[in-house]
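In what comes next, subunit A is part of two complexes: it sits with subunit B in the first one and with subunit C in the second one.
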Partner chain A sequence: MEQVIANGLYLGAQYALIALGLTLIFALMNVLNFAHGQMYVLGGFVTYTIYGQLKLPFVVALICSGVTLAVIGALMERFLFRTVVRRSKREESTMLLAAATAFFLDAVMLLLFGEKQRGVPKIVSGVFASEGVILPYDRIMVGVIAILMIATFMLFMQYSKPGRAMRALAQDRIAAQLMGVKVERYSMIGFALGAMLAGIVGGLLVSITGVNSGIGGPISIKAFLMVMIGGAGVVGGAIAGGFILGMMESVGLATLREYGDVTYLVIFALLMIFLSIRPNGLMGKPWG
Partner chain B sequence: MGSEMINRRSALKSLALGAVSLLAIAAGTFSAQAENKELKIGFVGVTSGPAAAWGTSNVRSMQTRADWLNETGGVKIGDDTYNITIVTFDDQRDPKRAIAGMEKMAQEGIHYVVGPNVDDGAAAVRPVAESKGVIYFPYAFPKALYTPPASNAVLGMVANYQSGPAIYKYLKENKGVKKVAFIAANESDPLSQRDSGVAAAKELGLEVVAEKDTYQNDTRDFTPVLTPIVQLKPDLLVLSGVAPANAPLLIRAARELGYEGLMSAETAQDATVLQEGAGELANGFISVGGASTPEIRTPVMEEFIDRYTKKFGEYNDESNTKVYALEYIVETLKANPKAIDNVEEFKKTIDGFSAPNPYAKDSTLKYVGATSFGQKRQLSVPMVVTEFKDGAFQTLFVGEVD
Partner chain C sequence: MRTSQATTVRIIASALFLLALLVAVPLLIEATGRTDLYYTLTSVALLSIISAGVWITFYIGRINIGQGAYALMGGYVSAILVTSYGMSFWLTLPLAGLFCAAASVLIGLPILRLRGVYFAMVTLVLTEVARLLALALPVTNGASGIVSIPLPSGISFFGVTLVPDFATLANPRLAFYIVAVLLMALCFLSLYRLAHSRTGQLCQSLQQNEELASSIGVNIAYLRVIAYALSSFFGGVGGAMFAAIAQSIYPSSFTVADSVNFMLNCFLGGLGYVLGPMLGTFVLYFGWDLLFQTGEFQLLIFSTVLIVLMLALPNGLLSLAIPRKRSV
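Our next item is the complex of A and B:
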């Protein structure tokens, strides 16, 4: 059982980090970013190229993943989403744009990085083994980094000037604008930050799970699942959703294995019941 | 003045002659090229998404071989010489799209199609292929596709129910394997491969300690899935129908959880992917390849690998098997030129067909499958069972299917 809990906590930490960027973009711009998984994959490929191919230090690769995705995120906001949000009154326009971006990124990555699964050498070797728990050191390290990043992100949102501005935007866009918050600038910063988080977590996890150009879609679906559980647009909700999903997966796979692959069936059934009772998820919207 | 005129006239004559010669050469070259007819060969399979590696290795093998044949003057079939054009369609692993792809091939007048890559896609295209006169070469294992009354599908590789028993028998006799656990993705191909693997293992008298464990194909972290299986301490863990992208992740997770037994798969894998994803943890992993190992490779295979690598930047070991389909199509058409637009003629040729295998030593191209399907509806490719060691596959044993 200890092993099951350890697996759940580790999965939860990485899931929460994946969901953070998605929920941030949704909170700021009301955009369901279907390309979030593809951004994660791109971050993984940047780290693969810099750390795995060019043999530069892992930290450098991770920074490059973050910066690359931040730039891409900022450009996407500036030239795509901002234009569509301004010109279209219909919410589904941004959803369609996000879906198109996801397909586009999928195709570009397939062309650039090929169809194969890619991996990099382990960043830390060895396995921690006690009587009830076995966990490789690299997973422990990634789990700790994920928790540190989540904490840093929350502190940034709580106490920094851009963080406060973005929270104000998420609460009430017009009121924030009337109070002098530069909406366009902070929307771009928020989108870049969300994309950067996806890139960093993609880079971080390439050392454990590798990366391939076709996994963006499934990653996005899982991220949406977490956000739905926790409550769209709520940072705390995304974190809670990540840990809940991680734990449900771990416990389900350990206890339901005799019945075949029913874990996700059960998770989806529970989610449907849960959403019918709490349609806004655990913490609802908006965050504040 | 007179001599100047003569010189000018000669110069003009020379120019005119030169121009005519150039035109004649150009026309000759053009007509030589134009003499070659076009032979379209189709591909319908998955080249995007998590399973993209399966179809991409098909397409790239076909394109590499077609370019090579065209470069050397084309393929002579009967009295005509053909340049080969590969027409591709990505079915995105969706049976509905596979049907659309096969219909597109039929509309373009294509009679020979490689693919689809998965069971449900291969089953879905059967009515279209049979009604529109298309012979197709799936990489899917359902016996119904190849057993009468079905007659238009030809299995492109060794099926798991053919390689599995051979592998388990070898491991039982040589490595003392007694307890086996199976794990498969929750999809039709891996599940059917798992079921036939379980049956084969039981028939050999092996104890099957896990036969219901499955995972989602898009799983990125296999530790939770493997934790209960590793605790059962099997001697052999079979990764049924595992995709090349998932194999290193499963191997790594099992080893990191302390699993010390053997691991095997009946699907083709890629050495680079295993090395990058699992490194030395993948040492000892057993899988089935095509004409993959240097021991049985011919110079033609070496050149194919070289050309593929130059064309696409990196070779894919799966192409050792995938290279065969186009070769079989071309050689069978050479053996019976009437089959160029008549698949019934192609079927008539299958039974007695034989040609030298350009890719493997001491081997011939021939159709097999009579034992498994009651008719010859399978390409004979070498069944090479390999063991992964330090970044490369080493041959454990070589077998043949009938």
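Our next item is the complex of A and C:
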């Protein structure tokens, strides 16, 4: 049982970090970023190249992953999403654009990195073992880094000037603009920040599970699940959703093993029941 | 007087278009010897039926990325009925549609209360669930799928052969093409009728403001379930037809990428136009096929073109035609 909880916490920490980026972009731009999983994979590949191929320290690789994705996110917002949001008659058009960018990133990664599964050597070796729990040290480290990053992110959003501006933007775009918040600049920063989070998680997890260019889509789907559980556009909701999904997956894999690969079916059935009671998730606002 | 004239013109134009598809296209294909085009065009026709279903959910103001789930379901229902129960394919075609419609009522009742991004996300997950179900259920035969489904048998009525047995035909591709085009015509005809009926107007009121509509007395819960059921019906019929042509169905026959593509077809054609899904499917499918020669750069070029199209025409291809209509 302790083992199940430990696994759930570890999974939850990494999931929450993925969901945070997605929900941030949604809150600021009202854009459902289909390419989030692809951004995660790209972050993984950057770390693979720098840490696995060039043999530079892991921290450098992680920072490079974050910076690369932040730049890509900022460019995407500036040149693609901003234009389409301005010109389109329906908000949904940004979804098509997001799907197209997901295809685009997939294509680029396939060309650059091929379709093989890529992994890197472990960052720290050894296994932590006590009476009920066995966890490799590298998983513990990744979990701890993820939790530290979540805490940093929340402090940043709560107390820094850009964080306050972005929260204002998420609450009411027009009111924020009237109060002198530079809406366009902070949209761009927010998009870059969301992409950066995806890239860093990708970089962290390449050291444990590895990456291949095909897993972007499934990662996006998991991120959507978490955001639905917690409520779209709410930071606390994304974190709660991440930990809940991580825990359910861990418990499901442990208890439903004899019925075959049905964990996600059960999770989805539960989600449907839950959503029919609370259509906006745990903490979501009742918007359209 | 003017409106009746316009209607006549429209009827003649659609009849000519259908005639061209049924007569001129096969003649052209025979003349040029490109028989592989039959398969391509059949796929376009069937995919546009499935996309038309997505279009209906757009019509009630919902973004549906779960159509792949119903296409897969329809394919499996038809395949299981044909292989395990020996039913005629032509009977399973509407049954597959009805099964999907019934399933979508059950699924739709809770999830249609969701809006916007929430509905989009939940339907996206639905596609993945359908795949997992197909893998897990015993009746669907897991990852190996159902293979070597027999070709559709004939229908005879008092000794008169209405539809010949496809297995005895010299060119079953042509037969499938004709069936697909007829189905597509039927589908878009009913779509046109729906969009211009009272129900269609009510559906549009849902798209604009549900609270307002319900305050005037529109039964929104009933309408959106009906629309979603119809949408899934199209998905199921299209999927069943695909299973019959490929003579096989696997859990990976319709995936999340397909669901996203159905949505893209509608977007690209334009959401405000009945023929939008048809045009969008045609352009996307043929564009993809044409790019096949570019090899590994296929996806790269395809997605770049999509992005550029979105930047230039964010309201769909058919929106090019609006200014002309307005000026008349």
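Keep this in mind: the second predicted complex is superposed on the first by the 285 of 288 C-alpha atoms of A that agree within 3 Å, B and C clash if a C-alpha of one lies under 4 Å from a C-alpha of the other, contacts with A are read in each partner's own complex, and residues count from 1 in each chain.
Note that a contact is a pair of C-beta atoms (placed from the backbone, for glycine too) under 8 Å apart; a residue touches a chain by one contact, two chains touch by 3 or more.
None of the values given here were measured: they were computed from a predicted structure.
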item	value
Which of subunit B and subunit C A:S130 touches, first, second, both or neither	neither
Touched partner set for A:Q158, first subunit B, second subunit C, both or neither	neither
Which of subunit B and subunit C A:L110 touches, first, second, both or neither	both
Which superposed partner A:Q53 touches (first subunit B, second subunit C, both, neither)	neither
Touching partner for A:K122 - first (subunit B), second (subunit C), both, neither	first
Partner chain in contact with A:V84 - subunit B first, subunit C second, else both or neither	second
Subunit B versus subunit C as contact partner of A:Y264, first or second or both or neither	both
Contacts of A:L205 with subunit B and subunit C, given as first, second, both or neither	first
Touching partner for A:N280 - first (subunit B), second (subunit C), both, neither	second
Set intersection of subunit A contacts, subunit C complex versus subunit B complex	106-107, 110, 217-218, 260-261, 264
Subunit A to subunit C touching residues, read off their complex	26, 30, 32, 34, 80, 83-84, 87-90, 92-93, 95-97, 99-101, 103-104, 106-108, 110-111, 217-218, 221, 224-225, 227-228, 232, 260-262, 264-265, 268, 271-273, 275-276, 279-281, 284, 287-288
Contact footprint of subunit A on subunit C as seen in their complex	58, 63, 107, 109-111, 113-118, 120-122, 124-126, 128-129, 132-133, 135-136, 256-257, 260, 263-264, 267-268, 271, 296-297, 299-300, 302-304, 306-307, 310-311, 314-315
Footprint of subunit B on subunit A - complex, ascending	3-4, 7-8, 10-11, 14, 52, 106-107, 110, 114-122, 127, 129, 134, 136, 139, 205, 208-210, 212-215, 217-219, 249-250, 253-254, 257-261, 264
Touching residues (chain side subunit B, partner subunit A) in the complex	47-53, 56, 186, 212-216, 218, 220-221, 223-225, 227-228, 244-246, 248-249, 256-258, 270, 272-273, 276-279, 312-314, 316
